[in-house]
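A, B, C, D and E label the chains in the order they appear, each numbered from 1.
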Amino acid sequence: MSSDLVIDVRNVSKRFGGLTAVNNCSLSVRRGSITGLIGPNGAGKSTLFNMVAGNIVPDGGSVIFDGVDVTGFKPHELFRAGMLRTFQIAHEFSNMTALENLMVVPGDQPGEYLGNAWFRPGLSKSRETEVRKKALDVIDFLKLGHVRNELAGNLSGGQKKLLELGRTMMVDAKVVLLDEVAAGVNKTLLNDLAANIERMNRELSYTFFVIEHDMDLIARLCDPVIVMAQGEKIAEGPMAEIRANPAIVEAYFGTPVEVA
Amino acid sequence: MDELIFFINRVLISGTVLGSIYALGAIGVTLIFGILRFAHFAHGDMMTMGAFVAFVLAGLCTALGIVTPLPTGFVVLPVAMVIAAFLALGIDKGFYAPLRKRGAKPVTMLIASIGVTLMIQGLIRLIFGSGTRSFYDTEPKDIFRIDMSALGGTRPISITEPQVLMFVVTALLVIALHLFLTRSRLGKAMRAMADNADLAQVSGINTALVVRVTWVIAGSLACVAGVMLALDVALMPDLAFNIVLPIFAAAIVGGLGHAYGAIVGGFLIAFAETLAVFNWTAVLRPLNGILPEGMALPANLALVPTEYKLTVAFVILVVTLLVRPTGIFKGVST
Amino acid sequence: MSAAEAETRWLDRPLYRGIALFVALFFLVAAAGVSQGSASMLLILVQATGFALIALGLNIQWGYGGLFNFAIMGFLMVGGAAVTFISYPVNASFWNSDGPMLLGRALLAFLIGAALVYAARQTRRLGLRGFFYGLVVVLAWFIAYVIYRSQIDPAAAYIESTAGFVGGLGLNPVLGWLFGGLLAAAIAYFVGRISLGLRTDYLAIATIGISEILRALIKNMDWLTRGTMSVSPMPWPTPLPQALQANGVGIADSFVQARLGFLALAVALLVIIFYVVQRAYGGPWGRMMRAIRDNHIAAGSMGKDVTGRQLELFVLGSVLMGIGGAMLVSFSQIFDPSGYQPINHTFMIWVMVIVGGSGNSWGVLLGSLLIYVVWVLSDPAAQLIFVNLSTLTQHMGWGAIPEIDSRALQMRVFVLGVVITIALRFAPKGLIPEVIRREG
Amino acid sequence: MALIELRNVVGGYGGAPILNGVNMAIEQSDIGVIVGPNGAGKSTTLKAIFGLLRVTGGTIEFGGRNIANSLPDTLVPMGLSFVPQEKNVFTTLTVEENLEMGAFTRRDDFRDTMDWVYQMFPVLAEKRRQPAGELSGGQRQMVAMGRALMSKPTLLMLDEPSAGLSPRYVIEIFETIMRVNKEGVGILMVEQNARQALAFASRGFVLANGQNRFTGTGAELIADPEVAKSFLGG
Amino acid sequence: QEVKIGFLADVTGPIAGFAPGMVDAGNLAITNVNDQGGILDGQTLVSVLADSACDGGAAGPAADRLVNSEQVVAIFGGYCSGSTIAGANGSAIPGNVVMVSPASTAPAVAELADNDLVFRDVVPDSIQGVKAAELLLSQGTTEVGVTYVNNDYGSGLAGAFVDAFTAGGGTVLANVAHEDGKADYRPEIGQVEAAGATTLVIYGYENAGGGAILNQAIEAGSFTQFVGGDGMAGDALLEGRDAASLEGMILTQAAAAAGPSFDALNALTSAVGQDANGTYVTNSYDAVFLLALAIEKSGSADREGVSAALREVANAPGETILPGEWSKAKELIAAGTDINYEGASGTIEFDDVGDVAGAINYFVIEGGATVNKGLIQ
C-alpha cells in the first residue's frame, strides 16, 4: 500500500519441530531508513531475516517487498528485485579467493550465460573488467588487500564477516539486510564501516535493516529500532525510548559489568 | 489360514531375513559415515571377506574333527569377528589413514574405498576362486517346519536354523550396540566425534582411538552380516558386493549416521522389495468365493514383475528422500 | 632450499605437472602401441576417447557443480539405446505390421496419463491441501500407470511376437550420437527436477536408484531394445575394415585405417567439446558455478538461480554422457543391455575423474585416458604377474595356484585397485588438481 | 614462574607464517585478553598453543615444559582447555554428555567437578538431559565453557566467548569468566568486545600482523590513546 | 615354434562363477594335443587368454588383442553372447579369424554376417526348451511354474520352453525372471508358489541364482518336482544338498553327456581333478579340440582355410575321433583320411550358419545320484 514501506512483514510464523521461532510477527521497514532489530538470543531475528530474504518459506503470513507480495519467492528472485542480505554465520565461497568472492556477486553478468560465453566474448570481457575494478576497490576499503588472493575459507573469522559485508558494496541494492555484521569485527574498522553504511544510506539512498547486539552501533546508526522476543515484536521506537523501557532493559541489556 | 501362513512364510520371514542382513550391513556403513564422514563402498566386500574368514575357520574345525551342535560357521563366528576386525584396522591403516592425514575430501575417500573393493575382490578370487561354496557341505541345514494343522492350516510355517540364529544375533547386536553407544565412555566419544570431530579433538578425546574402535565395530559387524548371509544362501566371492547398493540405500533412507535409522532403513527396503513382487492373489484367493462370476482374481496380482524388484526398492528410496531429504532420522551429510 | 624441495615446487606447478604427466601418459600409450601393435592401440584410443567424453560430462556435474551423480550408467545406456534406434537398419516387418499403430495408441495412453497427473497436481490451485491432495495425486499416478500399462503391454507382446523389436531408422550414426545426447538431456532434465534438491550423499544414492530403474527398463523393454538379446551389428559412421578390405586394402592395414578414421571423428568431437567447455568455465560462468558449488545458500542470496544452474550443469554433463555412451556402442557395434554394470560404467568414471583431478578438465582427460589404458593393460599385466607367481609358488614347493589362468585374470581388478589407491595416496586431490584462480 | 609463557612463537598453516614472534606470559591468577585487528593472528595464537597448527619457531612453556606441537589429547590432561569460537558444543549429545566429554581424559571420579559446574551454571543443571542443540546461544556458550572446565584445567582459553551474544549474556559470560578465574583457573581469551574485556583483564596483549604491539594490564591498554584509537575504536 | 589359439573368456563379470572351469577345459584340450605330438610339424599349441568381462565394450579390446597383437590362428570364445558378437564384429570377422563359442546361445549369434567364421558347439536355447516341454508333457505334467535368469540364456530357454509347453496343451502358471547375485529369492519363489505350481522349472545357473533358488525352494517345501536345464546340471548340484529333497529332479542337457565320447572326456578330466559335468565344460573342451583339429587339417598356422577345415573335421562322414584322441586324428589327417570328431557335448555337425543341431538327453536324480535316461524322443 503505502509505498513508504519497502519491507512489510505481515503475521509471519515459523515453526521448527515443536519450537515456534517466529510467532505471528508483523513489522515493517521504511524506505530510506536504517532500521535496527534487536532482541535476546533465540528471539527469532535471523529466522525473520531468512523469511524476508526467501531462504525459508514462512508457515503462515506474507512478506511484501516494495509493494509486491514476495512470500515464497526464491532468494535469487529477491536479489534481482533489489534485496541483498548478509549471513550471521559467514557464508563465504570457501574455495574461491577473496577477490573472486566479490566478483561473483554482481547480477546480470553477461558472461554467466553460456550463449554469451561462447558467442559474444567481447561483451563478457568488458563487463568483467568493470567488475574486477569494483571488487578491488571494495577489497581495499575493507583492508583485505593483502589477502585478496587467499582462499576465503582460510580467512579469519572477522575477515569472513568483512567479506560478507563487502558483498553489499558490490551491487546497487534497494534494501540491505545485515545480520550481525559487527560480531567479531575489530572496533576501529567497525567505525569506518558504520560511516560507510551511513554514507550509502545518505548518498545512494540504500535502506538498511540491521540485526545487531552491539548497542553502540545500533545507537549510532539506527532509527527506529525494533525489539523482538520469543518470536514476536514487542517494541519499536528510537533507541533512547527503548533504553528507557525497564522491561526490555531487564530482559535484554542486563546490568553493566562490575570490574572485579 | 493357508493364505496367512503363506503370507508369513513369503513376506514376514523372508522380509525379516533380508531386512536383518541389510540392517547389519547398513549399521556398519552408517557408523563409518557418521564418524569418518565418507561412504565406505568396500563394506560389502568386508562382509564377504568376513564370511570367507569364517569359512576357513569352519574348514579347520572340520579338519580337526570338531563337531558342534550349531552350524560350525556360526560357532567360529566370534573368532572370525576378531580376525575381521584386525583386517578392517589394517585396511584403514594402509589405505584410509594416510588419506585422512592429508585432509582428503570425502569423495576421495569414497573412490579409495572403491580401490579397496577391487583389491579385496581380486584377492578373494585369487585365493578361493570364483565358484560358489557352502557352509553346509559337511552337515545338513536344519529346517524347522512348524505344523499349523492345529489352527486349520495345511502347510507348515518353515524357517531354517540359520534364519533363527540370524534373528537372534541381529537383535542381540542391536541391543549391545545401543548400550555401548549410550552408556560407555567410548561409545559416547564415538557419538561426540560423529557430531563434531574438531571439538572432540579439542576436548582431548583420543580421536585415533575412536577411529580404531569404529573400524573394529564395523569390521566385526560386517563379518557377522557376511557369515549370516552366507549361512542363509551360499558363499561366493560376490556375495555381498551385489547387495551393497541396497545396503547403502538402507543406510541413507534411515538417515546417515544413525544406527537405528540403518535398522529401520534395512527393514523398509527389504519389505519394499518383498512386498512389491508379492502376488496378492495368494492371500486374496478366498475372495474368489465371494466375488461374482466372471470377476475372479487374475492369477498374478503383483505390483510389478520380478525383473523390477530392485527398482521398487529404489523407487521407495527416491520417494522417501523427496519427502525427507536426509532420511527418516535426519541424517548427517558431508 | 634444498634441491629436492625445489623439484617438488616445480612439479607442483599445475602446468609443468600436467605436461610431465601427459608426456608420461604418451609414453605409456606408445609402449602399449609397441607391445600390442598399432591396430590394438588405436582401438584402445578410440574407446578411451569415448570414456574421456563421459568423464568430462561427470566433471561438469561434479567438478563444476558438486553434483553427486551416480546415474552415469543409466545415461550411457540411454545413449546406447538412442544410437541403436537411429542407426540400426530399418526393420520392415515391424513397420509393415500393426506395431506402429499399437505404439501410437500406447503413446496416446501415455499422454492421457500424463495429462491426468498434471491435472491432479493442479488441484492444489483449487485449494486442495495435505492428505487429500496427496491422495488425489497418488490416485492419478495409479490410474495413469494402469491406463498406460493396458496399452503398452499388448503392444509390446505383439511386437515381440511378430517383429522381434522395432529396429532402427537406418540413419547416420553421428545423428544417433547427437540423439543420444538429446535423449540423455531430456531424461536428465526430469531426473534433475526431481532429485537435485537432495544433498550430496543422498543425491548419490537417489541417482544410483534412478540408474538402476533406467537399466531395468531398458533391459526389459524387449520390444524397443531387444533386451537381453542384444542388437548388432551397429554401423560405423566411417568405413569398416571389411569395407576397406573390399577395396583391396590388406587385412592388417584395414584395421589401422578404419580405426584411424573413427578415431579422427571421435577426437574431433572431443576437441570441440573440450574447447567449448573450457572456454565457458574459464569465465564468469565457471566462477558462478564454483560459487554455487561452494555455498549454494549464499549463491542464491547473491542472485544466482541455484536450481536452474544446477539443472543446467546436470543436463549439460548428461549430454556428454549420452554422446559418449552412444559413441562406444557404435564403435563396439553391439548394444547389450546386460553388459552394463555400475562398477564398470559408473564407479569407474568416478575413479577417472577423481584420480585425474576433479574440476580440472585437463586432469580429467588425463585420468580417463590413464585409467582406461591401465584397465585394458591390466589384462595381460595381471596374467604376467600372477602366472609367474604361480610358477614361483610351484618352485617353492607350495604347488601351483589352482585355475591360475582365470584367477590371474580375476586379479585385473586388483591391479586397478592398486593403481587407484596409489594414485590417490600420492595425489589426494587428483593428478592435476583444480587450479585456484588467483588474479589481479 | 608463569603458568604459560610464549617466547617468539612463529607458526602458520603451511604457507607463509602467520605468527611472527608472539610473546606472552600468564599467571594462574591472571585473566589475559588478546585484542587486535581482524586477521592479526589472535585465533591462530590460541590454536598454536593448543597444538592445532605447526609451530616452527620459539617456545611455548606450560608448567615449565615446552609444549609446542603437542596434541590436544596430551595437553588436556596437563591442564589446558580450549573453547573454540563456533561449533563449540556437541549438538546431538545431552548437556550432561557434553560435560562428560570434557572429562574424557580423566580417569578419576569427576562427579564433584560436574557438581561444581552445575553450581556455577544452575540453568545447565535444569537442562542436563536436553540435547545441547536445543539451547539458546548463551546457554550453549555456558555448556561449552562447562565442558572445558570438566578437565579441571589450570588454564582456560576462550576464542571470542561473547561474540553474537546479546548484551545481557555478554555480561553474564564475563561475570562467569571472572568467577572461574577466582576458583583458580588462569584465563587467556581473545575478544573483539575489547573495551569491556580489557576492563577486567589483568593482562592485555595487542596483536597485529602476528606480533605483539602492546602489552600491559587491561587498564593500561585502555588508557593508552594510541591503542584506543587504532585498536579499540577510539 | 608356437601356434596360438586365443581364449576370449568372460572370466570377470557376471559369469565369473563358471568361466574358470571352461578355461581349464580348453587348456586341457591343448595339453592333450601337446602331449600327443603337438600340432602341425610338432609345434606347440598355446592358449592366449583375454578377458571380455561379459560386456561388449570390454570384449572389443580383448578380442582385438588376440587378433591383432597376439596374432592367434583361431579363437575359442566368447562365452557371453554379447562378448562373442562384439569380438566377432570388431576384430575376428575383419581379421578373418574363426571363432568357436562354447556357450553363446543367443539367436543373434546366428545372424552375424560372419563370412562363415563364427561357430558354436552349444545347442541353441530353442531346441533344449522345446525338448524339455515335450518331455514334461509326455510324463503327464500339465502345470508348471518357471523361473529363469534374466539374460540371453535364461530368457531364450524359458521362452522356447513356455511356447512349446503351452502349444502342447500345458499351462504355465507363472513365468518369473530372476537376476543373478541377489541375497534372497523367496519373493520370486513365492510368486510361483502363489500361482499354485508344484513343479518348478529353473533355467538359471547352479552356482549363481539358480542354485540359490533351488535351495530356497527346497526350504519352502511346497514343490514336489524340480526341472532344470544344462545350467543347473553338474556334480555340484548334489554337493551340499540333501539328495532326498531333490529326488526325481529332471535335468536336460545336450547329448551326449554319456556314451563313449563323454566317458573319454570324463577320464581325461578326472585325471587332472576337473569336473566334466561343470557348466559348459564339455562344450569348451570340444571347441578347442575341434579348433586344433581344424588347424591340423588346414595344414598351416594360417587363418585362411581354418573355417572350411573345421567343417570337415567336425561333420560326418569320416573316421570317428573321440576327445583326447589327438595322435590318432593326426595320423589320419596326415594320411588324408576324413575324420569326424564326436564331441563330449554331443554330436557336432555344424550347419550353414555354424550352429549345431544336437539332440537332448535327460537325467533324473534317483537315490542320490544322477541317472542318465538317454535321449528325449
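Keep this in mind: a contact is a pair of C-beta atoms (placed from the backbone, for glycine too) under 8 Å apart; a residue touches a chain by one contact, two chains touch by 3 or more.
Here is each chain with its UniProt name: A, D = ABC transporter ATP-binding protein; B, C = Branched-chain amino acid ABC transporter permease.
All of these numbers come straight from a predicted model, not from anything done at the bench.
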Worksheet item: Listed by label, which chains are in contact with chain B and with chain D?
Response: none
Discussion item. Over the chains that touch one another, what is the least number of steps taking chain C to chain E?
Written reply: 1
Worksheet item: From the C-alpha centre of chain B to that of chain C, how far is it in Å?
Response: 30
Worksheet item: Approximately how many whole Å separate the CA-defined centres of chain B and chain E?
Response: 35
Worksheet item: So, what's the distance in Å between the C-alpha centres of chain E and chain A?
Response: 73
Item to complete: Would you kindly tell me how far, in whole Å, the mean C-alpha position of chain D lies from that of chain C?
Response: 52
Worksheet entry | Interface hub residues of chain E, defined as touching at least two other chains | 16, 19-21, 150, 177
Worksheet item: Which positions in chain C touch two or more other chains at once?
Response: 219-220, 403, 406-407, 410, 412-413
Worksheet item: Listing for chain B: what residues touch at least two other chains?
Response: 125, 129-130, 305, 307, 310
Fill in: Chain-to-chain touches, reported pairwise for every pair that qualifies
A-C, A-D, B-C, B-D, B-E, C-E
Practice prompt. Spell out the residues on chain A that touch chain D in their complex, using ranges where they run on.
Written response: 19, 38-42, 88-89, 143, 147, 154-159, 161-162, 180, 183-191, 213, 215, 251-257, 259-260
Discussion item. Per the contact definition, I'd like the list of chain A residues that touch chain C in the complex.
Written reply: 53-55, 74-76, 79-80, 84-85, 87, 91-97, 99-101, 103-105, 107, 109-114, 117-118, 121, 124, 127-128, 132, 136, 148-149, 151, 167
Discussion item. Under the definition above, what is the set of chain C residues touching chain E in their complex?
Written reply: 35-37, 39-40, 43-44, 47, 219-220, 227-233, 240-242, 245, 251-252, 254-255, 258, 328-329, 331-336, 338-341, 344, 376, 379-380, 383, 403, 405-407, 409-410, 412-413
Response to the item:
In the complex, the residues of chain C that touch chain A are 276, 279-280, 283-285, 287-288, 290-291, 293-295, 297-307, 312, 436-440
Fill in: Touching residues (chain side chain B, partner chain E) in the complex
6, 9-11, 13-14, 17-18, 21, 125, 129-132, 134, 136-137, 140-141, 143, 145, 155-156, 158, 160, 229, 232-234, 236-238, 242-243, 273-274, 277-279, 281-282, 299-300, 302, 305-307, 309-310
